[in-house]
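Heads up: the structure comes next, in structure tokens.
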Amino acid sequence: MELRGKLLDVSGLKVSFYTYRGVIKALDGVELWMDSGERLGVVGETGCGKSVTSLAVMRLIEQPGEIQAGKVIFNGKSLLELSEENMNRVRGIEMSMIFQEPRSSLNPVMKVGYQIGEAIAKSKKMPIKKTYPEVREMLKLVGLDPDRVMNSYPHELSGGMSQRVMIGMGLATHPKLLIADEPTSALDVTIQAQILELLDELARKMGNAVMLITHDMGVVAEFCDKVMVMYAGNSVEYASTVELFERPLHPYTGGLLLAVPRVGRTDELKAIKGTVPDLVDPPSGCRFHPRCPRVMEICKENRPPLVQVEPGHFVACYLYGNEGEVKENA
Amino acid sequence: MNFGQFLLRRLFLMIIVLFGVACIVFFIANIIPADPVGAILGGNAPPEAINRLKAKLGYDQPLIIRFGNFIAGALRGDFGVSLKTSNPVMKDIMNYFPATMELAIVAIIISIFLGITLGVLSAVHRNKAIDQFSRIFSILGVSMPVFWIGLLLLLVFYFKLGWLPGGGRLGFFTYPPPRVTGMYLIDSALAGQWDTFKEALLHILLPAFVLGYNATASIARITRASMLDVLKQDFIRTAKSKGLKRNVVIYRHALRNSMIPTITIIGLVFGGLLEGAVLTETVFSWPGLGRYITTGMLFLDYPAVMGGTLYIAFIYSLANLIVDILYALLDPRMRM
Amino acid sequence: MEKTAKVSRPFMDDLKHTAFLWRRSRLTMIGSVIIVIFLLIAAFAPLIAPYSPVEQNLSIKLQSPSWQHLFGTDQFGRDIFSRVITGSRTALWIIFLVSVISGSIGIIIGVTAGYFGGIVDEVLMRITDMFLAFPSLVLAMAFAAMLGPNLTNTIIAISIVSWTTYARLSRAEAIKVKSQPYIEAIRAAGGGNLRIMFLHVLPMCISPVLVQLTLRMGTIILTAASLGFLGLGVQPPTPEWGAMVSDGRNFLIDQWWISTFPGIFIAFVVLGFNLLGDGIRDMLDPRLRR
């Protein structure tokens, strides 16, 4: 099979959570791909499975969740087939992750310097103490004063500082891919901009790819090269950022963009009508069909596959094609 | 409120509570029994004997004077003379208490070690065989009567298998080590009498395990719960995302965080051990304070009952005070 | 985490979840079954017991378990099976009376302290602290010894040491309730203190106290058995499990059954209460309700 992304290619990824309410099909055939050094934005409403996707790529899905099917090819390795031991050589070394809540993501009883050092020590197979010069460099790089922060405990830092520490920890091992799961949503607006800027600058400098999970289209527009739109555990549209913002094809993407305030836009903001479906008992066919303004009969029966309708522009919608064959523009 | 103020307030409260405790003890021994002297001597004792005992116990004086004497005595550590041993009660207590203390310390060491191990394994291998075992072990620990476990183990390990001695602190023909602390393990080690040490250790093993079983169960349960709680935290996910090995995540990142509730429960169960000691000491003929009080109660030895109960309540309050202080020290909000 | 997209049916979900936890927790089920068996045994004890629990017959003393005497006989030739079965009534009677008495004392003291607050609260709570300053078994022993050991005094002694938990609980509840607007409304409508306290505040404290009472029933059995074992509780010939274990102490080597069977019954019933209690606690724990 030919890979769509040279660095990361996720296909047919299915993840379920077993709860008392039944089986929640959180991801049902997610598609995702990235090239080296690229920045991919993964967007969607809360509950669409974007965080689960990122955790599944890292193989960090916990009970009662389970990866049931799919392929994750990262840097030539099929991650879902690796042993736990080999996976641990990927995690934190070739691929690392930062999270939404920086303060609770740091261990409260360990000094910050130690926690960063732990990551470096593992990738270079050296004692943690020996990594401290490098940790100090990293702290400087993320804009913190090593003298002040090295020996601090996390509760002595602000949210923004903690996220800088997390970024430093994530990039300390020079990974090929940094997954950032809503890295700014728990922070103040002014800090948000700074953190994004820092991510931008460091990614440029170190040349790593970034997968940015977010629900904020504004952040995507600013930061990402490519965008994958997710809805209710499915990938529904993929395109370059410019293309997606100018010519959204999927009705859901269109709705998302209309819900974003933009400078100079005078028309009213519109919410997408309806709510996110219950994933225990998801709608048949296209999961978006109950909310779709342009729903057709076939949408209720069959699930549209994600197909390329124009070079570099993929969409999963029967408006643009049918089961493998691409129809002329609808 | 700073730490000093907290400590002062807590000490002040403890003094008030101890005064109340003394009142309760006095009430129990002096007001509840309708005719204490008659109860001790039986129905048809000669009047002289009754009068003599009354004078000895101070029962010829009005209640309020007796109360004053009791409080004044208690403050000096003087609880009168035991009717059964004819020793000053305080002297008896000082003789018996180290045995109880030694038993409790060994019990708590066993239960901390066993309880934390079981709790951690249980949480880490949740719903696996070891978890089921540990949970059943724990729930049995809080369900089986201490005295019954003691008798069963005695039956198995002493009578049937003969692996461990049957009771007491040392064998019949062994002299106790020279007294320093009154705890045989420490004293024999200090004196370099290693044979005595070994004997004392063998004697204490079974009663300490029985006494500590309940505490083991409590510690295992709380450790399991707090470990499960910690394992769900965000920073554990971070540690995993760094590619750290499972054991490193568990023992370096999770264990330290899960110890805070465990340490506080350790303090609490230590108080509970005093209660269990009463039963364990009876089963294993362990000459400790619990057995002293029980015997005192069975023989209506009023001075021994009052002194012993008050002393136990004092130790118990002290243990609770230490727990409160520990808690305040461990709580990060107090640190800031 | 964004796993579930919930369609809101809070009540049904709640009910389903409770049923789920109940079914999932097999241990809770086992606990309930044990308690039901215990209650049935106590109810039909005279029918189940093949012999008199108190009648002595020295010609058949110290017999090992057989089909005639399932659990063997003790040193007075009494059938241990009959004594153990009848002992369940003693245990049940103690649990029932202790729960009623200590629950009532606790609720009245707690509500009074919580409702009036201030100096009343301070005094009552310090008294509670004083009772809590004793290891409860030791205090119960002292009361039982001085009152004279028998069934009634065992019940009194255990009640006296166990009301404190309920007092603290209902005090907390009363403080919560009394600041509710509707209590203010009743006061404005001219309700007197006693009326408000007994008719409006006290009933609100009953259900948490009842829950706590069920959680503590195992402890009551253990305390009663401990008193019996030490000779400070129910006296022979009344069949009481703790005292029966104690009876067998001197015959442990050769007549192991005298101590063993009553002990099994104590452990069994307390286990039942503990399993059930754990289940109830889990069901009420909001953290587990997600």
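Just so it is clear, A, B and C label the chains in written order, and each chain counts residues from 1 on its own.
What we mean here is this: a residue touches a chain if its C-beta (ideal position, glycine included) is under 8 Å from a C-beta of that chain, and two chains touch if they have at least 3 such contacts.
This is a predicted model, so every value here is computed, not measured.
Looking at the partners of chain A and chain C together, the chains they share are B. The most distant chain from chain B, with centres taken as the mean of CA atoms, is A. For the criterion of most C-beta pairs in contact, the winning chain pair is B-C. Here the spacing of chain A and chain C, counted between their Cα centres, is 54 Å. Chain centres here are Cα means. That of chain B falls 23 Å from that of chain C.
A separation of 55 Å divides the Cα centre of chain A from that of chain B.
Those residues of chain B that touch chain A in the shared complex are 233-235, 237-246, 253, 256-257, 332, 336. Here chain B touches chain C in the complex through residues 13, 16-18, 20-21, 23-25, 28-29, 32-33, 39, 135, 139-140, 142-148, 151-152, 154-155, 159, 271-272, 274-275, 278-279, 282-283, 293-294, 297-298, 300, 305, 309, 312-313, 316-317, 320, going by the rule given at the top. For chain C in complex with chain B, the touching residues are 27, 126-127, 129-131, 133-139, 141-143, 145-148, 218, 222, 225-226, 229-232, 242, 245-246, 248-249, 252-253, 256, 259-260, 263, 266-267, 270-271, 274-275, 278. Against chain B, in their complex, chain A makes its touches with residues 58, 60, 84, 87-93, 96-97, 99, 101, 104-110, 118-119, 122, 155, 166, 169.
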